[in-house]
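Let me give you the structure first, and then I'll get to my questions.
When the chains are written out, they are named A, B, C, D, E and F in that same order, and each has its own residue count from 1.
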Amino acid sequence: MRRWLPHPLMAGFLLLAWLLLRQSLAPATVASGVVIALGLAWAFGKLRPPRARVRHYSLLGKLLLRVLRDIVRSNLAVAWIVLRRRGRFTSGFVAIPLELTDHYGLAALACIITSTPGTIWVDHDSARNVLLIHVLDLVDEASWIDTIKQRYERPLLEIFQ
Amino acid sequence: MSAHLLVLPIVLPLLVAALQLLLGERRRRLVAALSVASCVALVLLAAALLVGVTGAAAGDGLTTVYRIGDWPARFGIVLVADRLSVLMLLLTAVLALALLPCALGRWQQPGGPVQPMFQFLLMGLNGTFLTGDLFNLFVFFEVLLAATYGLALHRPGARRVSAGLHYIAVNLLASMLFLVGVSLIFGVTGTLNMAALAQLIPTVPDNTRALLHAGAAILGVAFLVKAAMWPLGFWLPRTYAAATSPVAAMFAIMTKVGVYVLLRLSLLLFGNGAGPASAHFGDSWLLWGGMATVVVGVVGMLGARDLGKLAGYNVLISSGTLLGAIGLQHPAVTAGALAYLVISTLAIAAFFLLAGMLAPDDEAEATPLLEPYDPAGEALYADEDENRATLPAPVALLGMCFLVCALVLAGLPPLSGFLAKFALLAPMLETGAGRGAIALFTLVVVAGFCTVIAMCRTGIQIFWADEDWTFPPIRLGEAVSVLILLGSCLALSVWADAPLRYLAATAEQLHAPAHYIRAVFP
Amino acid sequence: MNHLDALPPWAAVMVGVLVLLGSGFAFVGSLGLLRLKDFYKRVHAPTLGTTFGAFFMLAGSIICFSVAHGRPIFYEILIGVFLTLTTPITLMLLVRAALYRNRVEEAQEPPRRTTLE
Amino acid sequence: MSHGFLAFAIVAAQYLLLLAMAFSIIRMVRGPRAQDRVLALDALYVNAMLLLLSIGIRTGSELYVEAGLIIALLGFAGTLAFSKFLLRGEVIE
Amino acid sequence: MPYDLAALAMLCLPFLASVVVLMVRGRQWATWLMIATAAACLLLAVGIYPAMDGGHALRHVVHWVPSLGLDLVLRVDGFSWLFLMLICGIGLLVGVYARYYMPPDDPLNRFCALLLAFMGSMLGIVMSGNVIQLVFFWELTSIFSFLLIGYWNQGASAREGARMALIVTAGGGLCLFAGMMLLGHIAGSYDLDVILAAGEQVRADALYTPMLVLVLLGALTKSAQFPFHFWLPQAMSAPTPVSAFLHSATMVKAGVFLLLRFWPVLSGTDAWFWLVGGAGLLTLLLGATAAVFQQDLKAVLAYSTISHLGLITMLIGLGSTLGAVAAIFHIVNHATFKASLFMAAGAVDHETGTRDLRRLGGLRHVMPITATLAVIASAAMAGVPLLNGFLSKEMFFAVALTTHRGPAVDMAAAAIAVLASAFSVVYSLRFALGVFFGPARDDYPRQPHEPPRWMRLPIGLLALACVLVGMLPARVIGPPLRAAAYSVLGEATPAFSLAVWHGLTPPLLMSAIALVAGCVVYVVLRGYFAGCETLPLLGRFSGRRIFEWMLTLLTATLPAALEGLFPSRRLQPQLLLIVLAASLAAGMAMWGSSLPLSLHGSGVDPAFALLWLLGGACAIGAATQAKFHRLAALLLTGGAGLVSCISFVWLSAPDLAATQLLVEVVTAIVILLGLRWLPKRISGMAPDSRRARLRRRRDMVIAAGVGLGLATLAYAAMLHPVADSISHFFLERAYTEGGGHNVVNVILVDFRGFDTLGEISVLAIVALTVFALLRRFRPAIESVDAPAQQRLQAAFEASDNGTASVVADYLRIPGLIVQLMAPVIVLFGLHLFLRGHDLPGGGFAAGITVSVALVLLYMARGARWVEVRLRVAPLRWIGAGLLLAVSTGLGSLAFGYPFLTSHSRHAYIPLLGELPLATAMLFDLGVFFVVVGATSLMLVALAHQSLRRPRVLGEPVVDAEGDR
Amino acid sequence: MEAVLALAIGVLAASGVWLLLRPRTFQVIIGLTLISYAVNLFIFCIGGLRTGADPVLRSGADITQYADPLPQALVLTAIVISFATTALFLVVLLASRGLTGNDHVDGKDGTP
């Protein structure tokens, strides 16, 4: 199984993407999709990526919803900041110590943080496992640290480690 | 198979190049063998086509047309082989074959895939000569230009690279002009097929005829850049002088490509059949521009102090002469011009080779700072400099070759240069001896005289005066190449009649474009 | 615009609103890019475009085409996915680069790591 | 009526997006720092993609979404190269 | 018939012999071969004499290039026979002489070969019955004389003389060439007989004068007439046999031969009289006077030759038939005595080792025989009675007295004739007495004694000839002379008597005066002559000075001036010229015609206008930023590209949009990769001068003009779309025959697949070139080591140890994401490829996409990281792609269809259903391969430059395998 | 539309030409890129402009509805070729910079 399908997740995602791209479920499409997906997954394997092991898919969905909610909120917030005249607000860097070490987890965290407006992933020090982010509207650091750790890191930990 | 003969001169080199790429440089012998095979095959092909086109009575030989992809001529791309194209094919093939011994000798050193490049160049040349479609012409121009970039930059050194930079920049600009011109013509006539254009041009409505002419003019400039007409040809002498000798020798035909296209298009599109408004469009420009080119070339040649430059300016002179001759628009003169084209190409090629043999290639590669890079995955192109068998230069042989070259270039007897000059000049008097004709006549004679002066000085300098002139040891291949080229010149002067008849017929055919059109649209 | 006329009114209104919202957010984002004072602030602005802007616009076109062709078309979802995957990469590197350059210019000292301000 | 609104909405959206692009370009020209310019390019790409989508909706052929897809998928390559150049002084090490 | 063959043999033999001589070993064989050949030719010449009695002309045609009216016509009549005899006879003697004269250590192969070849070409001149053929051999003689003069090329004077001779005579030859073409044009044929028959017509023609001038230029340069006389003395640095043969007997006579040959056609006009006669007269005087003042033996002879040639020319120019006869006669006489004199001088030089008159004298004691012979010869030159010189000189006087152009001219001519011959007496005396008489001296460089017999023999024979002709002219020279005269003049041949004694006639008186005057002058002024170095008054080598001056003008001044005028080494002027030329051409083509540029056309969409406002801003921004903010310029260019791709979409061309986008991304990356190697530019680095500002303004104007022009053209073209474009055809057939919905793609891979084939080859070639250039790429020293950023970083990490490196970290997460994205991008590429035929996309787009995925990996993970994991062999990809594309095209040949004929059908495959299959897809696959290979080859090769290890000089190059 | 596009082409070409005449290699290459944009648009617009036309064949739509495909095909070829040549030019200018030590088009610095 592993031999033939080294990266099931990747293969699956590729197949899905293929079907979406081709916009059809004709047997020919599916067949070609399977072939291509397997081939590409194999090629991906040649790159020797770190192993991915996803534990709770349910949590994944919950996290996704949570992120979406945050995105909505921060979108409005940032939009407001941009639009209002002579707004006084301070922005700055926040350093957050992490437990999360799994690459995929970190990657997910990066995507989350960066794609929510108002926060940006700046740097991650693998040695000290400290994350550095930049916040647009920085009120107090502690709360931010807390938010990140509680809302995002915890579930990611559970999912990936 | 004979039906498909026409496409092979283009496809064969491409095929060979692809194979050579797949073989890589590890199998040098095989690669070289492939090159030789393809060149021989090209000569044979050209000969076969020659037989084909000379089948019918002189004047209008049979023009064979090949419809690529089996699409009707007006819409698809056609290849057309008439006497002129076949002539150019043959010239190219012979030149390539003659240069091969020298080139193989030189190209054994590493320096990237030169042999495929050479094949690509042949493909581009043949395509340019065969295609009957304006945009396809552009594509093949690009092919051969790209190949020349590659060859001109072979074994880069400071001089070569900066010359190449200029060459490329100029030609890129020219290509842009080419595109603009083609698209304008297409916009006005709605077709790209040359024969169809020839049919349509008389019927172009007057309100867009100006656009047509603008397009033609821009196109013309693009070609003139390639044909190195003054003042568009300053790039030429430096580039050619900088290139390694076999490459430069092959370049001897490059300017002729521009000349060929001008000849073809000016006679096909703007010949007598083009209606009152467009007939003989731009002839006088060709005539006087050509003369200016000759003047500049002559002066430059007189001033040139090294062999490469000397040869380069000779290229200028010959292409200027040809342009002027085309400008006269007279069948007999055209025939003479063709003769001159063939002879000068061969002679200049030989002269470039000689230059390479007489003056050592000072443009050795700059000492590398870094270790060479080889692509990951494949360790092609290892660097072993294998030294070919060289023989101490027999000065007498070199001297004789130089003398012969000089004679041919100056148009002095006994070799074919004299005949070519005669064939070119004598008809000029028959054209009713207009102002232009007389001027060109005089100019060509004077140019011959100045060539004598320049060659005489250089020859004396090298062979008599300079006691401690170091003749680098020459490779056998080089000698063979030169001898082949000069031998062909000699042969052309002994058995001159049949070729000249052929050329006369060719000129007739060119001046009667109706024939071409009929061939494409039966 | 015949194919748009083919849309049922509700769909038309919906698409219109979504399109307006999307473009609006993108607009605001770029405005922020223009107005905000220093780089670190500006970095945040375009995210609006990549999140909400893209989201609404894609939703709009999904609805539009699905209704128009009478079958569900999720084609555009891919765009969203790719966008969310790719924007972080560039932004991270960009901020990193900015940080580095600022550090270098302030004092010829290389960027200190986590301990900032 | 509703279709009139849709038509208007699309046109308005296009103007908004064009303005957005304009802002990004202004930022690109103004700088002041290289990173600002690169950021502006990124934004420009995103806005362009949205514009393409809007055109797609207007002309009703999802072919134009293709171009949008290309931007979404590959547009970042250029930006990545630029930022890497800023960071390391060369694109590939 | 045998006569024809003999003539042909006479022409071919020398050339063949010269080739053979080059082969044989050693001087013995060479010289013997030469002598034998000359003898054979002489015999042949004698043998064919009967062929032309009764004024017949032997004529033999060998077809060469009839299509140009250019055949090898051998034509021998009395006149040319005389020359044949001269050439072969003197050739033979010179050959014998040279064998002993030339230094023994010289293997004479080259010399003999050249001499023979020259002889052959000389025979060719006199025998040619076709004027172009005549020019042919004419130029050959110039070339061989060049090589012979330069035979001893160690000496600078030899080189100078050779060069001068070649340039003058060959230049004259080219003029003759032109003149002959004109003549042929006038007469309507290049055949000599036709031309000779067409005398009236030629003289009447409008082009007569230019033609005459050109022909005369040829003739006068060849036989060293004023003002071209200066090359002959220079040519004296040739070995003496050469001087004897070429520069006294034969080659210099070619000019006068030509004049006589065309005498019936060209003479008889005023132009002829004044030009030829004048040139002859001036030369006669100049040569004679100059000869008197020379100190070098050979120089004396050279100038005397000039003056005698002048005499002959003058005779021809006077235009009377008797003059012509006299000219012919004197040609023969002069050849005999001058050749012998040269050989004698050579003998003296050979024996004593000097040629300086002031150092010679009294040689008759040591070499009496030579002395006698030389004295006889010089007496002949002086025109002493009972020698041949006397006879022709008398004829000359007779002619001079009767030019029939008024008494004044007659008097002048007579006076000058006497004066000149007086001078000739003087220099003859100087030669004879100065060398052989007077006290014997023993201060010679070498101890002189009689030269070997074989060296004296030729001199003796020639002297004998002088005597014989002088004593019994009618018997010896009469018949051939008549024949020659007849063949030139035809019926007009005058009656002339060849007798020593005509009674007391004015000519006799004149020669008496000349003799006496000459002796007196010599006796009185000998000391003065011996004293002076150069010719007093009229500076000696005026002609030569002018020549040198013109040469320097041509070869140095002019080119320099041109170079200054057009700085051909700089790129900017060239590009400027091209741009200007294009705009000018377009402008002039459109001039006058009124393009109706009305403002109709589809209404302007303000949004589109706004879009292009942005595009324009980007373009201009890029233009302004490109010098100091390269990055900004690059970004702005990207912006402009983006805008143009949006407008492609706007104008419903999604294919273009996609391709443009992809290409843009790749281009940006490529240029960025290159940017690392360019030098840093800091704003205001070079404070620009006023000239620079002016230039910039000028360029701005030009650029604006070009833009405006192009805009106008585009607008006009858009307003007048052609009525019936061929596009309809494509739209109709795209699906039915091309088997695809996406017309553009079908055009690319099917209708115009040939273009695509060329296009991918361009891509392949460029990739190969880039690769070849980058393999041994040599960066500038200052940009070899890592960029500043990296150096700082590295230094820092080195400083505070313990912390993990930034380099390791900063790309970890982004790299991972990219790694995840890569397969997706490839997938997308495949999708683009597959849909290409029906919807936008296709092989090219797909290829670029895939290679972008690869490059992303490189950027995110670094080259080494990738290459350890993936083996990309771009060259193989390129080769395979090309092969695939071509073989797809060739496949159709197998079915008898033309190249690249596509075949498409919708095949039904069980449980997969209907599938569209077209051979064009295969072709497209080839495109895909090539694009992937080429693009990745370029990018990877560029990327690798910063990985190459600096090379320790001297260490041999090892394969870069070591890197991994 | 036509006027706008024509002006756009003009502006692109003008900036391109201006850069082409500059002495620095980098300026020249940017100029070439801009000019090629202009030329692509030029070729494209020669076929006449169509907004909102269907780029691919739909069954049963009449021919005149489509944009002229041939110029598009030509542009595609032109794009590819100009891409290739630009890359080549870049590498050559790098080589010349490496060998001559400066980035002047003539390889010798000084003339502005």
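Points worth noting:
We take it that contacts are C-beta pairs under 8 Å (C-beta built on N, C-alpha and C of every residue); 3 or more make two chains touch, one makes a residue touch a chain.
Not measured: the values here are computed from a predicted model.
Among the other chains, the CA centroid farthest from that of chain A is the one of E.
C-beta contact counts were set side by side for B-F and C-E; B-F has more. Separating the centre of chain B from that of chain E, both taken as means of CA atoms, is a distance of 17 Å. Per-chain Cα centroids separate chain A from chain D by 23 Å.
Inter-chain spacing, taken between the CA centroids of chain A and chain E, is 74 Å. The set of chain D residues touching two or more other chains comprises 14, 21, 34, 38, 40, 58-59, 63, 69, 73, 75, 80, 84, 87. The multi-chain contact residues of chain F, meaning those touching 2 or more other chains, are 20, 25, 42, 46-47, 52, 54-56, 70, 77, 81, 84-85, 88, 92-93, 95, 99, 105-106. Taken residue by residue, chain E touches two or more other chains at 569, 571, 575, 579, 650, 652, 654, 710, 713, 717, 721, 725-726, 730, 751-752, 755, 759, 762, 766, 769, 773-774, 777-779, 781, 789, 803, 810, 813-814, 817-818, 820-821, 824, 828, 839-840, 860, 863, 947, whereas all remaining positions touch fewer. On the side of chain E, the complex with chain F involves touching residues 569-572, 575-576, 579, 599, 601-605, 608-609, 612, 615-616, 619-620, 622-623, 626-627, 630, 633-634, 637, 640-641, 644, 647-648, 650-656, 659-660, 663, 666-667, 670-671, 674, 677-679, 681, 686, 688-689, 691-692, 695, 699-700, 702-704, 706-708, 710-715, 717-719, 721, 725-728, 730-732, 734-735, 741-744, 747-748, 751-752, 755-756, 759, 762-763, 766-767, 769-770, 773-774, 777-781, 783, 838-840, 844, 934, 938, 942. Here chain F touches chain B in the complex through residues 20, 25, 28, 32, 35-36, 39, 42-43, 46-47, 70-71, 74, 77-78, 81-82, 84-85, 88-89, 92-93, 95-96, 99-100, 105-107, going by the rule given at the top. If you check the complex, the residues on chain D that touch chain C are 1-3, 5-10, 12-14, 16-17, 19-21, 23-24, 26-27, 33-36, 38-40, 42-43, 46-47, 49-50, 53-54, 56-58, 60, 62, 65, 68-69, 72-73, 75-76, 79-80, 83-84, 86-87.
Those residues of chain A that touch chain E in the complex are listed here as 10, 13-14, 17-18, 21-22, 26-28, 31-32, 36-37, 40-41, 43-44, 46-50, 103-104, 106-107, 110-111, 121, 123-128. Of all the residues in chain E, the ones that touch chain D in their complex are 607, 610-611, 613-614, 617-618, 621, 625, 629, 631-632, 635-636, 638-639, 642, 645-646, 649-650, 652, 654, 657-658, 661-662, 664-665, 668-669, 672-673, 675-676, 786-790, 810, 814, 818, 821, 824-825, 828, 839-841, 849, 852, 855-856, 858-860, 862-863, 943, 946-947.
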